[in-house]
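Note that the chains are named A, B, C and D in the order they appear, and that numbering of residues resets to 1 at the start of each chain.
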Amino acid sequence: MSMNPILEVEALTLSSRANPKLVHNVSFSIGKGETLGLVGESGSGKSLTLRAILGLLPQGIEQTGGQIKSSVSSAMVFQDPRGSLDPLCPVVKQLAEVISYRQGLSRRASRQAALELLEVLGLPLSLRQKDRYPSQLSGGQCQRVVIALALACKPGILLCDEPTTALDVTVQEQIIETISALQQELGFAMVFVTHNLAVASAMCSRLCVMRQGQIVEQGDTLSLLQAPQDAYTQMLINSVLPVPVLEGGEQR
Amino acid sequence: MMNEGQVLNASGPKKRGSSYRWLFITAARSFIVIVCVMIAVFFLIRIVPGDPAKMILGEYATPEALESMHHALGLDLSLGEQFLRFLSNLFTQGDTGNSIVSGNSTRVLIAERAPVTLLLIAMSSVLAIVIALLLATLASTNKNKWPDHLIRIFPTVTMGMPVFWVGLLLILLFGVRLRWFPVGGAGEGWGMAYSLILPSITVAFSQMPTLVRSLRAQMLDVLESDFIVTLKAAQIPSRVILFKHVLRNAALPTLMLFGVNLSYLIGGTLVVEQVFGIKGIGSLLFSSISNRDFPVIQGIALYCAVAVVIISLLVEIVSWWLDPRTKGKS
Amino acid sequence: MKTISAHNLTGPSRKSQGTLRRILKNPTLLGGIIMLAILVLLAILIPVISPYDPSAQDLRAFLQPPSAEHWLGTDQLGRDLFTRLIYAARTDLTIMVLAEIIPFCTGVFLGMLAGYYGKWIDNIISLVTDTFVAFPFYLIVIIVAFASGAGQRGIFITFMLVGWIVFARVTRGVTVSLRQQEWVASAQTLGLSGIRIMFRHILPNVLPQAVVVLMTDMVGLLVAIVTLGYLGIGIAPPTPDWGTMISDGQSFITTAWWLSAMPGLAVVYTGIALSLVGDGLADLWRRR
Amino acid sequence: MSQGLHIQDLTVRYDGVTALDRIQLNIEEHTTLGLVGESGSGKSTLARVVAGLIVPDEGIISLGEEPLTKKRSRAQRKKIQMIFQNPDASLNPRLSIRQLLSEALLFHGIVRRSGLEQRCLELLARVQIDGSALDRYPHEFSGGQRQRIAIARALSVEPELLIADEPTSALDVSVQLSVLELFASLKQELNLTMLFISHDMGVIHAISDTVAVMRHGQLVEINSKERFFARPDTAYGYQLLSAVPKMPAGTYSRRDTP
């Protein structure tokens, strides 16, 4: 357990009319700059837990137990990049709007800050000049804008809900590198949700394995992957289809 | 009645060609529709069973009267010649021949009556859209709370209300009992607008079931999409989210819906004019019907239909121009 | 490898038994059906229920307010309003149902054709629908009713001309989205002909939405029938019709307001019943 | 010209965009070709062209010696069947499983009405679905089970070529493994020729004998599985493989691939 946790989730229980135990008795905590992975299959409640931490549960789902204590603000990155942006609002304008509300800057200053942030996120210059709409950007580029939107809130914790699942494998690699580099530089903690154990092992120092709303096993990444205790975790690891190690061949 | 407003699928704009090719095709298509409308209007008189002249002059008309009526209507010519005469009339005089009763051109007759009807249509359209948007916003922002339930029951109840019956009740309540509004007739200038308030409420009311039902679904669609969560996560004030993002995204489908429902609105207006005794195109239609003045009826049908096609085309172009999603990858 | 059974293979799901249970659990649908049942029963049993003949005039008892003998009072010719109201239901509702059948079938078929085959078939059908929709509906109804002589014939002819359009549009939209579904593609790879795919695969998936639209459309048609009656070019008296009853009562609106109000409420009642059934069916099929 | 699938100069254009650009591809009989590529590479278009859902602008596809004409005969249709990605949309929601299976069997005259029930049960048993499923409707099954029923339906007409377009991408990891194991056992049992499409390198490695890589509508590399995963010929192949996130060394007892 981390020494000075900036986020503590204790016995969290989420329920809806149809299912009282969507998430049941989930507890974990993370320290400054740490990355915790929530892994599991669909219906395990990992995304709902994130939404609970963010404080924005979907319609019809309430927190009926436990509490979430966090000393810092949080922001979120979603799975569907293009769906997370207003289709009728130019990308830079949307980012500038968030900056002006969260950092209280004037309209001109926030637009300038937005352009800088997009540059940090590696968006090409051409995209930043003219007013571009989400429909005119690629999936990877949209996701970079969504990350910029999240970072504009200067979060202590970045919540990532399967940010790379909808992306191609090469684009996924770039986004993972971008997020890790930003974490080093800005030092925010992260809760990373994914069903892909390989991505989780690349990103996270600690993992929680979730199944039907409960944490079946929790521990730091390497020891959990090498010596899983719970049968479900073993089954999950077994289900990952191995890809042999590349010997060499054409360099990139 | 046949408001298939709810048919408008709220799945966002269909992928339109990004180039101006789409614009040209849509305009060409509307032109073809207008041509079909003209042909339909031409054949309007032909659906009359038996001899239109006998129907106009009545059973006991003398053969000579029938003969002259045939000539007046051009029915004695071959179908081809009749169509040519119809077209030449259309392109030279811009109307469908002269009125049998008064003899002057249908275009003039209709132009005289047009202002009050156009004002009524304008007022009821604005009223319908404003109220529908208000109710839809109220319903969608408090989903499953009492405003939502109330607003969902509203279309179910009002769908079965005939527009003329609503008019009668409003006359009874506001005109006769409370005397707020003059009953019947349309005054001049501001007086006209004032006297059109009650009729335009009636027409707007008849459009409510479809507009509210579709707009509520549209707004819910936008409110539950991911980008609203992103904005809420960034703690943008909900007032700003509603006006700058939700309403803007709902505006496009509203525009399209209005285009689709326009022909019902005009139909409703014609009937309401009859109920409120307003001397507009509607009452001209009914008087032409009672004196069986066929060219004028054809003229009204033609102008209404062409107006609907042109306005729908404009609505489609504006929504295409406003919507970046149709611009494709540039 | 043990065989993996379907996860809820408890009792076998009889199609009919399941549907009945689901209707009972769906209040909107149930409410709509009950309201319609009451109306239809009244329409059938009216000769038994009411002692009065709908057209028997009794000049001594004209314009009486609702009372014990005359539940809804009497009209200007002393006829019992309640009896006339229910007899009018017979005429209006039968026309409403009969006038919908052919347009519903043609509309669904043409919509499926346009949606499934697309290209030139779609263009022709869309062109025809756009042309007819350009004419305000009431404009066409009034002109055709007048041209083909007042009475039921005018309504039937109008509705044959125009009634199929809303069904064609709805079905076309549903068919276009269904065509992208993978089970249609697998039927195509199987080599099934277009016609067979349309009728065996697409039709069962299109009907639910078409029927929901049918309910709301019937309300619209009923309102049209009544409006024509009011304008005097619909159902000719003495056949009782809500529209003519409203227009008859109009001249007494200040003294005997219920003469015009009651027939209107009858239309509203039917409208509520039909749209409840429509909404209920939509919920029922959406959950399936 | 051995049996199996032969594609020559296949080209498909959509309003100005070349979705497939002179594709040259052969699939040996009884082998599985894994087709991999990123989104928009044209792999699904290729699958739908081979399945006869899309008519190509140019190029010839032949199964064995017999070229497949634009309008395929019923016999030709029977030979190539396809399984799709989305389990919720792979079966007609309004038809029971019995109706779904028997339609294919009767249409192609595989079996007469008398033997229908028996054959349907055999088909379900082969994909490990309990016989009582016949009277159920698709919405009563999980995603994995629906894909198995879709496989049973595709196999019911005994096709020569089975095309699978990302059949497990929409499934959970554990369910994906069991469906892939089913594909593997069917490969042995029925000696199937398969065109298997996926964006997931792990799935491709698990199921295919040869691997083909597509990019922007072109075939950039074809290789045996062993050579491709060890030493890909092209820079793009190398880039794709190195981008795949790997599990850390010494991960818990990884079983050998199915």
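Simple rule for what comes next: a residue touches a chain if its C-beta (ideal position, glycine included) is under 8 Å from a C-beta of that chain, and two chains touch if they have at least 3 such contacts.
None of the values given here were measured: they were computed from a predicted structure.
Among the remaining chains, not one touches subunit A and also subunit B. This structure's chain pair with the greatest number of C-beta contacts is B-C. Here the CA centre of subunit A is 51 Å from the CA centre of subunit C.
One inter-chain figure worth recording: subunit A and subunit D are separated by 33 Å, centre to centre, where each centre is the mean of the chain's CA atoms. Centres computed as Cα averages put subunit C at a distance of 47 Å from subunit D. Chain-to-chain contact here is organised cyclically: the chains close a single ring, every chain touching exactly two others.
Every pair of chains that touch is listed here: A-B, A-D, B-C, C-D. Per the touch definition, subunit A reaches subunit B in the complex via residues 54, 56, 59, 75-76, 78, 80, 83-89, 97-98, 101-102, 133, 135-136, 146, 149-150, 152-153. Residues of subunit B that touch subunit C in their complex: 1-4, 6-7, 9, 29, 32-33, 36-37, 40, 44-45, 47-49, 155-157, 159-165, 168-169, 171-172, 176, 263-264, 266-268, 270-271, 274, 285-286, 289, 292, 297, 300-301, 304-306, 308-309, 312.
Subunit C meets subunit D in the complex at residues 1-9, 12-13, 181-183, 185-192, 200-201, 204-205, 288. Here subunit D touches subunit C in the complex through residues 48, 51-53, 72, 74, 77-78, 80-86, 89-95, 103-104, 107-108, 125, 128-130, 132-133, 135-137, 139-142, 145, 150, 153-154, 157, 185, going by the rule given at the top. Considering their complex, residues 41-42, 139, 168-170, 172-173, 176, 195-199, 201-202, 221-222, 225-228, 234-252 of subunit A touch subunit D.
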